[in-house]
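Here chain A shows up in two complexes: once beside chain B, once beside chain C.
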Partner chain A sequence: MLRLYATVAAGGFRRHATYRVATVAGVFTNSVFGFILSYTYIALWDERPMLGGYSMDDALAYVWIGQALITVCGLMGGGFEDELIERIRTGDIAVDLYRPADLQAWWFSANAGRSAYQLLGRGVAPMAIGALVFRFTLPSGPGAWLAFLVAVALGSVVGFAIWYAVAMSAFWLLDGQGVVQVAWLGGLFFSGMLLPLNVFPGTLGEVARLLPWASLLQVPADVYLGRYQGRALAGAYAFQACWALVLLGAGRMAQAAATRKVVVQGG
Partner chain B sequence: MADSLRTYRMVAGMWIRSTMTYRASFALTVFTSFCVTFFDFVVILLMFGQVRGLGGFSFAEVALLYGLTGTSFGIADLTMGSLQRMGKRVRDGSLDTFLMRPAPLLAQVAADKFALRRFGRVAQGLMVLVWALVLLDVAWTPVKVLLLPMTVVCGAVIFAAVMVLGASTLFWMQDAAEVTNSFTYGGNTLLQYPPTIFAQELVRGVVYVVPLAFVNWLPALHILGRPAPAGMPDAAAFASPLVAAVCCAVAGLAWRAGIRSYRSTGS
Partner chain C sequence: MPFIELDTVEKIFTVRRKTGLIRREKREVRAVDGISFGVDRGEMVGYIGPNGAGKSTTIKMLTGILTPTGGRLRVAGIDPARERTRLAQRIGVVFGQRTTLWWDLPLKDSYRLMHRMYRIPDARYRENLDRCVDLLDLEELLDVPVRQLSLGQRMRGDIAAALLHDPDVLYLDEPTIGLDVVSKARVREFLRDLNTTHGTTVLLTTHDLTDIEQLCSRVMVIDHGRLMYDGELAGLHAVGESERLLVVDLERELPPITDVPGARFVRSEGPRQWLAFPATASAAPLVAAVAARHPLLDLSVREPDIEAVIAKMYGGTREERRESLM
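Take a look at the complex of A and B:
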């Protein structure tokens, strides 16, 4: 059974690796946005040094980590939910449910493959470009890079769990666009992609740092910047893992409810 | 031209009726489209919660820049936003159906999947613009007042031309749609901030190469009584219609070249 899911994951990796032009185009776009955001952050941190506890170098690192993780952790869409929703809307999902594999585990594996490819294809290049032009904080050593990668992996799982649960709503709404947009909005704002969550003021900041979207970028970025050490690092991982479990569970329950009483769209 | 407009109206009308089938979803998408752009502005509000000025510009001045580009981009996105999905039609060959119909291709593709919800972005841009005008302390002259609607219209035309130009490249590279995003969405983000915070090479690029500076920077700086960026003369504030016309000509030529080189996948 594990071999099956490994194959699905490898397929997910290869499938996205096929579109090389799309990858280059994506890297280009991420870099352009990285540049724009970098200059706005420079203006902001010039006025208020150490805003949110970040130095200018930290803030710039944050910008480029964000650009690198957009697709990896599904900040602005998981990259699979449109397809899944379309299958639910057209009724093709019936074929998937017939397969001797679990629906969620199948998509989870495919997404893991996609995520791994995006990390290599669209994560590394923008960060390298950013590091060439701007001076920003780098992790202190291999151990710190490894700690960052673990946080990214957990972030990617939370990202999948969010978008899978979102896609499940299509069983009831058929047209999932509305819910996708709401989730997109949450991801855009509460992931901290536009502005780090520790710059958010007062209660808004406290709440934002507790929401699942904080696992996607804010936590990995803070791990990268070395703001979590020892037990605090374990705590940060636990925070991500908790959200992953809760949201994967929610997706599972929705899936169970939908398959128990599913009305497949015919046609 | 009249033919194109008629086609556009008919196709767009069809999609509006189709969207209204899923009313709950439509209501959600209009709301979120408004919120997505609203939260975009909240980021600027949060920034100004921490600082008094960005690059020497006050909140009201940044809001003017934001309102102008936001409204222009919103109009362009509402009318031409579907173009970026044309790559899929080129890839799977469904563009052939469009070519068979006795109606202008550009109008058909631009109105394809017309999404009325994108009006949320226009509304939000206008709200910020009005807010800026209320806050601003400017000695209004008839010329400056007339400059405002002209800027919004010309800005929308420039953005629309960039979208058509981007779509033209899809005839050759179907997966490169994201590159256009860096000029449209990226340009919109860039223009929300004052030119003083960016590197001078970048500013020169959007003045002389991709003339996005004419969308709002040049007219707005004139209204605010500030010098034009990148060594432009002050009169350049009134050059937007000319620039918009040139952009349309370039986009039209590219579109024609694109159609001529189109080869169906045959599937």
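Take a look at the complex of A and C:
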């Protein structure tokens, strides 16, 4: 079975690799937003140095990590849920269901391939562009880079789990757009995409840092900046892994309920 | 014991309908309403009925993706809904309006995926792929992304994908829908060959009765979730009281021919007249009788239209049938 899911993941990677122009357009968009946010952050950190415990160099690194991870961890849309929702709506999901494979494991593998491609295609380039123009913090060595990559991998699993659960709602709602938009807004705000969660004041900040979206950007960024070491690093990974398991479990339960009870659309 | 066995199988959907601001009405839809039949190994059976008759629901239950509300259902001795994954190894499915192929990637990538998904031994996979590529003429298409294939090419690609793991039974849901004449002929020829040389059991739903006429010795007609007819294609004519048409060209315009026993005047157009007679009766005595009493120049016999027969079974009136006969 592992070979099957490896093939599915490879397919997911190559599917996205076919659309080179889309990748270039995405890199361009990410870079433009990176510039806008960078100048905003520079203005903000000039006024309030060490805001949220970040130096100016840290804050700029945070901006470009955010741009690199948008598609990798599904901060503002997982990049697969629209397709899955459409398959549920039209009934094409029937084809996926009669296969001798697990629906969630299938989409998980395809998404892992997509995520890996996005990391290379849309992660590395914007970060390099940012590094050419701005001076920002870099990890201290190969070990720190590796620690960051592990956090990104876990973040992408949590991202998948969130968007898969969102897509499952289409079995009942048929039009998943409402739920997708709520999830999109939640992701934009609570992932720390606009402003690091460490900057959020009081209870709001405490709650935001405990929500699953914190796994997508805030935790990987803090790992990158070296704010977790030793046991604290293990704790950060455990936080991500817990959310991954809880949300994957929720997606599985929804899937089981859906395939048991719900109508597969269309003739 | 039949290979596919259905015993008073039912599928009831509950549909909620908004009737007021918050009031909702629950309504039961009996998509499949107590169907029983058996299909033996190596049979090729047509499963026909109008839209919404319950054909696809039956197919979905036979693949295990829908659970029957009642009754007993077995395919190769397996309860599909309970052991969907085990059953998947034994069946192949082609949904004409959907595709199992990877849209953005070359056709051959999808086949590689099937190889892994069904854990097909390498030698067997090669052999089956070569055979399908050869018979379905796919050689040139293997490197083409599926999204660039024409409908007919994609359908051939889908049929091959459903057969790489040597399924014992193949379900085809509208396999020729939207195809041109040449593509239809090619698909039919392939299916006939598959059934005769490999003994693959085939269950086929279609709206195209030519598919049934050319492929299936047995046909099942379903309407409103119930089985209306199960038997040989020829038998449909007897059940449907279908009629053949005798078209006669006379020397000149004459009054309607009503003096020939066994024939019913349908209409006339100048010197040409249309006479109907039971499909089960012989045309020879009728022709002799017409020729003996009227100045006959030419004639032809039109076979009954199976579509008209079935339209009648679905509840069409005699008038409608007569129109479709012309």
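Note that in this section the second predicted complex is superposed on the first by the 266 of 267 C-alpha atoms of A that agree within 3 Å, B and C clash if a C-alpha of one lies under 4 Å from a C-alpha of the other, contacts with A are read in each partner's own complex, and residues count from 1 in each chain.
The working rule: a residue touches a chain if its C-beta (ideal position, glycine included) is under 8 Å from a C-beta of that chain, and two chains touch if they have at least 3 such contacts.
These figures come from a predicted structure and were not determined experimentally.
Chemist: Touch check for A:A22: first (chain B), second (chain C), both, or neither?
Modeler: First partner only, chain B.
Chemist: Considering only the touch criterion stated at the top, classify A:L173 as touching first (chain B), second (chain C), both, or neither.
Modeler: The first partner, chain B, only.
Chemist: Quick one: classify A:V199 as touching chain B (first), chain C (second), both or neither.
Modeler: First partner only.
Chemist: In this superposed model, does chain C or chain B come into contact with more residues of chain A?
Modeler: Residues of chain A touched, chain B against chain C: more for B.
Chemist: Now for A:W184: first (chain B), second (chain C), both, or neither, which partner does it touch?
Modeler: Only chain B is touched by A:W184; chain C is not.
Chemist: After superposition on the shared chain, which partner residues are touched by A:A128: those of chain B (first), chain C (second), both, or neither?
Modeler: So A:A128 meets neither chain B nor chain C here.
Chemist: Where does A:T7 make contact in the superposed view: on chain B (first), on chain C (second), on both, or on neither?
Modeler: After superposition on chain A, A:T7 lies in contact with chain C alone.
Chemist: Figure out whether A:L245 sits in contact with chain B (first) or chain C (second), or with both, or with neither.
Modeler: In the superposed model, A:L245 contacts neither chain B nor chain C.
Chemist: Return the residues of chain A at which the contacts from chain B and from chain C coincide.
Modeler: The overlap between the chain B and chain C interfaces on chain A comprises residues 19.
Chemist: In the complex of these two chains, what residues of chain B are touching chain A?
Modeler: It comes out as residues 22, 24-29, 32-33, 35-36, 39-40, 42-43, 46-47, 49-55, 173-179, 181-182, 186, 189-190, 193, 197-199, 202.
Chemist: Of all residues in chain C, which touch chain A in the complex?
Modeler: The touching residues are 13, 51-52, 55-56, 60, 63-67, 84-86, 88-89, 93, 95, 97-100, 102, 104-105, 109, 112-113, 116-119, 145.
Chemist: Inside the complex, what are the residues of chain A that reach chain C?
Modeler: Per the stated touch rule, the residues are 3-4, 6-8, 11, 14-15, 18-19, 91-92, 94-95, 97-101, 259-260, 263-264, 266-267.
Chemist: Along chain A, where are the residues that touch chain B in the complex?
Modeler: It is residues 19, 21-22, 24-26, 28-29, 32-33, 35-37, 39-40, 42-44, 47-48, 51, 173-179, 181-182, 184-185, 188-189, 194-195, 199-201 of chain A that touch chain B.
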